[in-house]
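In the two assemblies presented below, chain A is common to both, partnered first by chain B and then by chain C.
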Partner chain A sequence: MTAVRTSHSAIALLDPSADNWKLAILVGIAATILAVLALPANATFWVVGAAVALVAAAFVVNAYRKRYYGGLLVAPAIAVLFVMNIFPLLWSLGLSFFAYQSNQQSIRFVGLNNYIKVLTNDIAAPANWDALINTGMFVVCTVAAQMITGFLLAMLFAKQFPLRKYLLILVLTPMMLSVVASGVFFTYYFDPTFGILSYAMGEITGQQFILMDNKAGAVTGIVFADAWMWSPFVMLLVLAGLVSVPKYLYEAAAIDRVSKWRQFWTITFPYIRGLLMLALLFRTIEAFKLYDLVYILIRGGQDTKTIAYLIAEIANEQNKTSEGAALSYVILFMVIVLTNLYLYLANRRNQGA
Partner chain B sequence: MTVMTKMKTFATAAGFAATLLVGGASMASAEEVTLTMAVPDWPPTRILKKFFDEQYKPKSGNTVKLEVDFIPWPDFYTRVNASLTSGEQKYNFIVSDSQWLGAFVEGGYFRKINDLLEADPEFMATFKTIHPNPLNAYSTYPHKTENYYGFPQFPDVLVNYGRQDILCHEEEQKNFQAKYSKKLPCTGEELDAMTWDDFRNVGEFFMRKKGDMLAGKPAEDDFYGISYQAGKGYDFSSMQINGFIWQMGGDTWDETKAPKGQAEGVVNSPEAVKALEKYLDMIQFMPPVAKTGTMDIFVSDQLFREGKVAMNIDWIGLGEASLAPDSKVKDKLVFGQMPGTMGADGKMIRWSNIGGQPFVLTTWTTDSQIKEAVDFVKWWLSSDIQHQFAAGGGQSAVKAVYEDPKYVTYRPWNRAWAPQLDWQKDVWHVPQFFELLTQQQDQFDLAITGKQDAKTTLDNIAKFQQDKLKESGLIE
Partner chain C sequence: MPPSANIALSLTGVSKSYGRVRALEDLSFDVTEGKFFVLFGPSSVGKTTALRTIAGLVRPEKGSVHIFGRDKTDAEIAGRGVSMVFQSFALYPHLTVYDNFAYPLVEEKVSREEIDRRVRETAAMLKLDKKIDRKPNTLSGGEQQRVALGRSLIRRPKILLLDEPLTNLDAKLRHDMRAELKRLHRQFGLTIVYATPDELEALSMGEEIAVMRDGGVVQVGTPDELYEKPRDTYVAGKIGSPHMNMIRGKTTRDSKAVESGIGLLPLARKMAGVVAGEETLLGVRPSDIRFAAKGEKGVAASIAMLEPLGDVTVVSVEAGGETLRMVLPESAAASLQPGQAAYIYLDPQKFHIFRASNGQALS
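Up next, the complex of A and B:
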C-alpha cells in the first residue's frame, strides 16, 4: 500500500498539472535561488512575488479539485492578510537582523546587534527603558480611567430617563471623531492663554494655571483626552451586557429582599464580566500603541515619550529602520506575553467560577 | 488543459507584477508635462502656486501642469522623508528645508544641478547674483562647495515684530525712560538698534495683569512682554538659540571643519552656556505656554496676532498673516531686525540662523520634466517675478532685486531684510542632521521647561554629537 502511494506521488511530483502544489513549491524555490544569484534586488523581489503567487494558485486549484470549499472561502481573507499583514511583519523581522537605513542604499547583516543595541547601548537603552516605563504608566492610567468612566456611564444609561437617546448620541460622539481633531481641540482647551481650563482655574484660585508645565499635569491632560475619546467604547460594551440581564432575576431578588449591592455582584456582574474583560483587553492593546495624543498635545515633552513615539521617531524620522524594527519586536514580544498571561488568568477564573 | 491553466496563472502573476512596475513611472507625453511638487503650506508657497496658475506661460509651448501637495509645516519633514525613502518616486520637485540637503543627497534622491547651470550661461549668471549666504545654505552640499542642488524658492530670516500702538504710547515711553533710563524702542530704526538686553527690558516692562494700565487703557486680559520660538517640535528652538550662541562668541559643530572640528568643547563652550542662559532667562516674560515646551513659531505668531505680546521674533514667512484681515494687530505693526549683541568694538553682532527653502529636483525626474522645471525656476528668479513675489509678501535673495530702492516699499518688514543677509549662517546639512536635531530639541526642551540648567543641556548635546559624528566618521 505504502509502495503504491509513494510511486503515485513520485509521478505526481513531476506531473505539470495545475493542482500539483509540490511541483509549484519546487519551481518557486528554484526560481528564487536563481533570481537571488543572477538578478538585481529589484527584479528578485518581483520574481519571488510571482513564485509565491504561483504556489498560492496551485493550492487554490488543488483545493477546488478536492472540493475543499471551506478553504477556498477563506482564501481571499488569507491572501489579504498575507499581503497586508504577515508579509510586512516577516519582512520587518528580517530587517531587524540587518544594518539598514531607509535613506541609504547599503545593507549589511549584523545578526542580533540591533537587539543588543536597543537593550544595552548606553545612549539608546536608557531612553527605551524610560519610554517603556512611560508606556506602562499610560496603560495603567488611561485604561483605568476609561474602564471606570465607561462603566459608570453604562450604569447611568442602563436606566430610562428623559432625553436618554439624545444624550447617548452626544456621549458617543467623541469616539467617532478623528484623534487629530480631538487632539487639536484639547490643545486649545488646555492652552494657558486662550484655554477655558486655565481661565476657570485662574478665576477660582487667582493664580495663573498652566496644566502642562510639569509631568503630572501633562500626563493628566493626555489621560483625560484619551478617556474622553474612549470611555464611550467601554460604555457601549458594558451597556450591551447590562441590557442582556433578564428582568425576572431582579424581580426574584427583590422578593427575597436582597440588597442592591448583593444584586449587583451576584446578578449583574456575572453578565457583564466577559464584556468588561473584552473591553479591558482591547483598550490595553490600544494603550500600548499610544502615540497620537502625546504627539499632538505635547510633542513628547515633559518626559511623556511612549515607546510608540520613540519607535516612530527612530524608524520614520531618523530613518534607522532596522533599529526601529528590533525595538518593535521587543515590544511585540512583551505584548504577546502579557496578553497570554491575561488570557490564562481570565480562563482560570472562568473555570474556577 | 492543465498546461493552459498553468500558463494562465503565470500570465496573471506576470501581468500583475508588470502593472506594479510600470505604474510608478510617469506617462508624460510631448505636449503635456506634469510636475508633482511637495511644499510646506504657508503664504510663500501659496503665492508661488497662484503666480504659476495666473501668469506662467511655458516657453516650450507645452502644457505644463503643476500639481502641488501643500503639507502643514510641523509634519512637512516626516511626510517628505516618508515619500522619498519609501521609493514611491512621487515628487519631481520639492521645496526642501535647507538642512535636508545632506540626508537626501546621500540617499540618492536630490539631483545635482551643476550641469543644468553650466548648459545655460545666462541662468548661471542670475544664479551667481544670489547673496552668498542664502546660496550656500540652500544649494551647496557638502556645505560651501561648488556642488549645487537647489534654487532658492523663498529666502527667509528672523525679524522683530513690534506693536507700534503700545511701544509708541506716550505714557509707556515716559515710564520706560524712568525705569531703564533708555528710550523705549518705537520706530523701525530704534528696533534695529536693540540688543538682547533691551529686548529683555521690553519683556520685563510689558508684563501686565488683567486690569493693569496698558497704553492708557486697562488691559482686557493678561499681557506679556515678548515671545520667540521655544518649542520642542521640529527645529522650533534651535533656530533661535543658534543665533544667541553665535552672537555671543560660541559656536555649533561646524561641518566645514570636518573631520578636524570637534563637538565637545565647542558646543558646550562657556560662551555658548552663557548664551543659552540668556535665552532661557527671557522665557519668564513670555506667554505661559512657553513653559510647556510647545511655543513653536506658529503659536508665538498667533499670540502676537491676537494682541497678547508687545514684541515677537519670528520668520518673515509668517508676516503676511499679521497683515491679514483677521489679525487684531494688522494696523499697529512696526518691524525691525532681530536684536543683536554689542561687540567689544562697539559694533553690533547680528548672527542669526537662516530660514527659507530651496527648490530641488529629484533624481527620477525625466528630461522633459527637468526642462520644464528649469524653465519655470528661471521665470521664478527673473527680476519681474521676484519683484512681484516680494510685493505679495515673499522675499528675494537676488541682488539686483533686493537692492532696488522700490524693494523696501512693498511690505513693512522688507526694510529689515537686506541688512541682515550678511549675518546669516545655517545649521548642519550632514545626513545625520535629523538625529542631531531631535536630540538637541529634546535637550533644549528640558532646559526651557526648567528641568535642567544650560550647562548640563549643552554638555549632553556635545557628548551626543561627539559620539554620533565620530561613529559616522565626521569627527576624527
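Up next, the complex of A and C:
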C-alpha cells in the first residue's frame, strides 16, 4: 500500500500536467534559487513573482479539475489579500532584517541590528520611547473620551424623542467622513486667527487664545477631534446592546419597585457589557495607530509625535525603510500582546460571572 | 358606586386604545378582598391590558382604578401594593434565583438577615431550595414559573396579578401549578386577579370569573352562575365543555314551546320576556341530553360520531338537520355504532333560551 502510493506520487510529481501544483512549487523554488544566485536583484523580483503566479495557477487548475468550486470562488479574495496584505507584511518583516534605504540601491543582511537600534540606540531609542509614551497617553485619553461620549449618546438615543431619527443621522456622520476631511475641518475650528474656538475664548477672556500653543492644548485638540469622529462608533455598538434588552424586564423591575440606578446595573449593563468590551478592543487597536490627526492638526509639533507618526517619519521622510519596518514590528508585537491579554481577561471574567 | 371596605380592587369604565385598536372598552368590575378572580376570554380580548392598567404600567384614557378604596388611576407603580407575574416570566437573566428573589426586597431597606431568611423561606415553599444558585435559563419552564411567582410573593403584595402564567407550561405542569396556585392563594389570603384564555383554568381556580369580550366584561359570576345562567350565547359558548348545543327555532304562539328543526320542544315553565313567534336559539348542554327511556317521547336521531374521552364519551347525533352533542358515561356508549338510530331526550328543565337577534338570554 505504502509502496504503491509512493510510486504513484513519484510519477504524479513529475507529470507536467497543468494541475500538478507540487511540480509547480518545485519549479518555483528552483527558479527562485537560480535567480537569487545568478540574476541581479531587480530581475530576481520578477522571477519570484512569476514563480508565485505559476504556483497559484496550478492551484486554480487543480481546484477546477477536482470541482472544488468553493475554493475557486474565494480564490480572488485570497489573491487580493495576498497581494495587498500578506505580501507587504512578509516583505516588510524581511526588510527589517536588512539594512536598506528606499533611496539607495544597496541592501545588506544585518540580522537583529535594526531591532537593537530602535530599542537601545542612544540617539534613536529615546525618541522612540517618548513617542511610545505619547501613544500610550493618546490611547488612554481618546479611548476613554470615545467610550464615555459614545455610551452617553447611546443612552440618549435609546429613548424615543422628536427628531431622533434625524439627529441620529447627524451624530453618525463624522464616522463616515474621511479623517483628512474632519482633520482639515478641525484645523479651521482650532485656528488661532479665524477659528471659532479662539474667537469665543478671546471674547470671554479678552486675551488671544491659541489652543495648540502648548502640549496639553494640542493633545486636547487631537483627542477632541478623534472622539468627535469615533464616539458614534461606540454609540452604535452600545445602542445595539440597549435595544436587545427585553422591555418586560424593565416593567417587572418597575413593579418590583426597583430604582432606575439598580435597574441599569442589574438589567441593562449585563446586556451591553460584551459590546462595551468589543468597542474598547476595537478602539484601543485603532488608537495605537493614531497618525493622521496628529499630522493634519499640528504636524507632530508640541511633542505630540506618536509612534505611528514616528514610523511614518523614519520610513517615508528619512527613507530609513528597514529601521521603520523594525519599529513597526515592535509595535505590532506590543499590540498583539496587549489584545491577547485583554481577551484573556475578558474571557476569564465571562466564565467567572 | 361607593367603595366598600372589603372591595380590594375596583375598575370603573376603563377605556384604553393603542392607535386605532381598542384594547379596553368601558371595562368595569370589582374584586372582593381575598378572592381568586379570573379574567377569562380569548386572546387579544384585553386581559393583559386590564392587568397592566391595574399594575400601573398602562394609563387608561377614561375611567378609574380604585385599590382598597383609593383612587390609583394615575398613581405611581410603586405605591399600589400590586405585584404581577408576566406571561413571559420576566426573570432577570443575569441574576441567580436567589438574587431574583431578593431583587424586590433590596429596595425596601430590609436588613440582609431578613432578606436571606425570606428568600430561603420562599424558595423552600416553592421547592426551589436546591436551585437557589442557578441562573434562570438553566431552569425548566415550571421552575422558572415558580421563580416568577416567588419573586412576586416575596414582598407580600396585597394584590397579585397573574397574566396567563400557565400558558408556557406543558399539560402535566399546568395541572400541578393550578393546585399550587390555589394552595398559595389560601395560605396567604391574597387577592388574585388571574387572566387566562383557558376555560379549565378559569373554572377550576376562579372563585369569581369575569368573562370578557372586546375589551369589556360580559358577565361576572361564580363558575356555577356562569354555567347555570349564562347571560348570552357568548358566555354560554365559552363556559362548559363540550360546548352548549344551540338549536335554531321560533317560539310558539302560546310561548310554551319552541318550534325547531328537530320538532316541537316544550318549555318547562313559561319564560318572562319570551315573545310569541320570536326567532330564538335554544341552548342545551351536552350533559342534559340523554337517550329516551322506554315509553318516553324522544326525538328521532342518528348517531354520527363517537369521541371516547376515557370515562365519558362525547356522542354526536344528527336530528332534523342539527348536529347535537351529548356526553354519556363510557359504559353507556360502549355498544354504540355510527349510523345507528336512536331516540334522544332533551331535559326541558335545563333549557337556555336566547334571543336570536342579539344573543341575550331570556328568562
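FYI, the second predicted complex is superposed on the first by the 343 of 353 C-alpha atoms of A that agree within 3 Å, B and C clash if a C-alpha of one lies under 4 Å from a C-alpha of the other, contacts with A are read in each partner's own complex, and residues count from 1 in each chain.
Quick note on the criterion: a contact is a pair of C-beta atoms (placed from the backbone, for glycine too) under 8 Å apart; a residue touches a chain by one contact, two chains touch by 3 or more.
Quick caveat: nothing in here was measured; it's all calculated off a predicted structure.
After superposition onto chain A, the partners chain B and chain C occupy separate space and fit alongside each other. In the superposed model, A:339 makes contact with neither chain B nor chain C. Legend: residue contacts after superposition of the two complexes on their common chain; A:256 is shown touching chain C, with no touch to chain B. Put simply, the three-chain overlay gives an angle of 140° at chain A, taking C-alpha centres for chain B and chain C and rounding to the nearest 10. In the superposition on chain A, contact of A:220 is made with neither chain B nor chain C. Comparing chain B with chain C, the partner in contact with more residues of chain A is B.
Applying the stated contact rule after C-alpha superposition, one finds that A:267 touches chain C and leaves chain B untouched.
Applying the stated contact rule after C-alpha superposition, one finds that A:248 touches chain C and leaves chain B untouched.
Look at A:191: by the touch rule set out above, it reaches chain B but stays clear of chain C. Legend: residue contacts after superposition of the two complexes on their common chain; A:299 is shown touching chain B, with no touch to chain C. The least CA distance from chain B to chain C in the superposed model is 52 Å. In the superposition on chain A, none of the residues of chain A is touched both by chain B in one structure and by chain C in the other. Those residues of chain C whose C-beta lies close enough to touch chain A in the complex are 55-57, 77-78, 82-84, 86, 88, 90, 92-95, 99, 103-104, 106-108, 151, 155. Interface residues of chain B facing chain A in the complex, by the touch rule stated above, are 2-3, 5-6, 9-10, 12-14, 16-17, 20-21, 77-78, 81-82, 84-86, 103-104, 106-109, 222, 231-233, 287-289, 291-294, 303, 306, 308, 431, 434-435, 438, 442, 445, 449-451, 464, 467.
Residue ranges on chain A touching chain B, taken from their complex, read 16-18, 46, 49-50, 53-54, 57-58, 61, 102-105, 123, 187, 191-194, 198, 208, 210-213, 218, 298-303, 313, 316-320.
Residues of chain A that touch chain C in their complex: 246, 248-249, 251-259, 262, 266-267, 270.
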